[in-house]
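Two complexes are shown next, each including subunit A; its partner changes from subunit B in the first to subunit C in the second.
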Partner chain A sequence: MKTKLLLALLVGSLAATAHAQVKVEDAIKWRQSAYATMGWSMGRIKANIDGTYNKDEVIKSANVIQAIANSGMGALYVPGSDKGKGWVDTRVKPELFTDGPKVGKIATEFNQAANELAKVAATGDAAAVKAAFGKLGASCKSCHDDYRTKQ
Partner chain B sequence: MKTKLLLALLVGSLAATAHAQVKVEDAIKWRQSAYATMGWSMGRIKANIDGTYNKDEVIKSANVIQAIANSGMGALYVPGSDKGKGWVDTRVKPELFTDGPKVGKIATEFNQAANELAKVAATGDAAAVKAAFGKLGASCKSCHDDYRTKQ
Partner chain C sequence: MNSKRILLWDLPTRLFHWLLALAVVALVVTGKVGGNLIDWHGKVGLAVVGLIVFRVVWGLVGSTYARFCQFFPTPARISAYLKGEWRGHGHNPLGALSVFGLLAVLTVQLLTGLVANDDIAFVGPLYELVGRDLSNLATGWHKLSVNMLIVLVILHLAAIMFYAHVKKDNLVKPMVRGWKEVPSGESAQGGGMLSLVLAIVFALVAVYAASGRWLPEPPPPPPAAVQTPAW
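On to the complex of A and B.
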């Protein structure tokens, strides 16, 4: 029991150290990069839905979104990164760092929607992809509406 | 035969249109974003190799790299994007657009190395991950050496 507690404290401390090692400017740059990479992939899927449907391209794009959605990007919201510059100034609202349960709910819905999109993309069912894409887009929008400043 | 030829011409023409629709500044920004997202993931894997190994974090990071490596980023090297600004000025050398076979070989090796890393990451074998990570890093470097200007 004592060993377990010590181990937990040690692991917690190591995790905190690893956390602290991510510089604010890097964290913001990586966040912006990951969102832009997902944005590219969303645009590609939309082009396939609106135009000629290429199953392979949709799969590749959905896999990128799924992998990034499941990457643990939360780790990039390090303390102090509510302000600062990555590629450009961050547009995150400070509320994202304090609205724990609400942000967690949006993040969970986003993950589920990304997993669902990748799942239906693999089947090549364009109608199902369109529905899943719409759901994922709505999830993106709900976070942007509440936690990203308007440009 | 004639129908096939017409179809090939049509598909080629549609592909060219879709290709042309990607703006140079977007293509460069998406390239920079995708590489930065892979850079974040490489850094996370390195921290796991050098420090405490967390199987789950390595899997997540390797999956991001694999998905992006297989996304068809070649489509982002649109004509005219040898110069221009995404988040920042591109550092690509014009030779990347003309050294077809050599670039293709590097890209294939990069894809294989990314797939191998994701495969061994899933097993949790830290030594195998270290070896695959080294191979992938060497593949990144070979492209940087030849096709990215020094800073």
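On to the complex of A and C.
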């Protein structure tokens, strides 16, 4: 019992340290991985909209996006991570770190769009999924347009 | 008043012009709005490939005032125009600069757009040919050079307003009706059915090439024996 408690404490404190000190490189890697995974899911949903519609596959993909969107990714934009390399060089613009309310508005719209997509995906209504997918894509774009450097 | 009516812009040139105007507006709007409209952006872009190739061929084999050699803006012509010594019809030497400028910027937009991606779920039809890195680069150019396009279109409209109000010369009417009242000059010649068919064939071939339909199909799904794992 004592060992278990100790172990729990140890794990807890390790997790706390990890949380307190997210390395810039890790933060950027996690960001990039999260966006890449959402990209995979968006591509899957589009393939289902354009081709044969498979309800299960769309549900899985929409749930992935919803989960990531609601994971609190804002925490990965740690100070100093406006520049640096994760898997590749980050393309975030420094304005993302200074435009607080505007970024928050885009992020909120994104979350709502992701939630909506997951909701309609569950119904299997392809037309509604297409509309929600378009809205979600537009919210992706609004952030890309404003807070991502062109290459 | 000793004026006569000449055919200035042949019907294919006029159709090209108004279809292109419509398409450019549609492209800028769909490109800026995004969302599901990005699919239309891709389709209209393909149509514009056809329009531009048509116009380039028509600039070689079309009727008089549509031909590039007729209005190619050489330095001599430009300086003559600026001194007020130009007496031609159709695109004046400065307007010709704008024509070639628009054609060039649109060509850049088409070439980059065909291989672009939006990092969401859309890729241009020839994306597979260049891969991710080059595609990202092309996408960056695509988004920058659209500003040049918008500037040229505004300049184009401003010049038309200037001609209408200051020089009392309505440039829009001939582009709609084809003919223009002029003191002297000849009607456009050439650009017959054979030329038209040639230009259309080139345009269709270009659209097919740009559509990527000829690209090898993605590998077929694995045979049913190899089941997608349940996880």
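We take it that the second predicted complex is superposed on the first by the 131 of 151 C-alpha atoms of A that agree within 3 Å, B and C clash if a C-alpha of one lies under 4 Å from a C-alpha of the other, contacts with A are read in each partner's own complex, and residues count from 1 in each chain.
Here is the rule we go by: a residue touches a chain if its C-beta (ideal position, glycine included) is under 8 Å from a C-beta of that chain, and two chains touch if they have at least 3 such contacts.
All figures in this text were calculated on a predicted structure; none of them were measured in a lab.
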- prompt: More subunit A residues touched by subunit B or by subunit C?
  reply: B
Task: Considering only the touch criterion stated at the top, classify A:Lys141 as touching first (subunit B), second (subunit C), both, or neither.
output: second
Field: Which superposed partner A:Ser61 touches (first subunit B, second subunit C, both, neither)
entry: first
Message: With both complexes overlaid on chain A, does A:Phe133 touch subunit B (first), subunit C (second), both or neither?
response: second
Task: Identify the partner contact of A:Met42: answer first if only subunit B is touched, second if only subunit C is, both if each is, neither if none is.
output: second
- prompt: Which partner does A:Lys29 reach: the first (subunit B), the second (subunit C), both, or neither?
  reply: first
Message: With both complexes overlaid on chain A, does A:Lys150 touch subunit B (first), subunit C (second), both or neither?
response: second
Task: May I ask you to decide whether A:Trp87 touches subunit B, subunit C, both, or neither, giving the answer as first, second, both or neither?
output: first
- prompt: What is the shared patch of subunit A, the residues that subunit B and subunit C both contact?
  reply: 39
- line: Per the touch rule above, subunit C residues touching subunit A in the complex are 33-38, 118-122, 136-137, 139-140, 143-144
Message: Quick check on the complex: what are the subunit A residues that touch subunit C?
response: 39, 42-43, 45-46, 130-131, 133-135, 137-138, 140-142, 144, 150-151
Task: Write out the stretch or stretches of subunit B touching subunit A in their complex.
output: 14, 18, 21, 26, 29-30, 32-34, 36-37, 39-41, 47, 51-52, 57, 60-61, 63-64, 66-68, 70-72, 76, 87-88
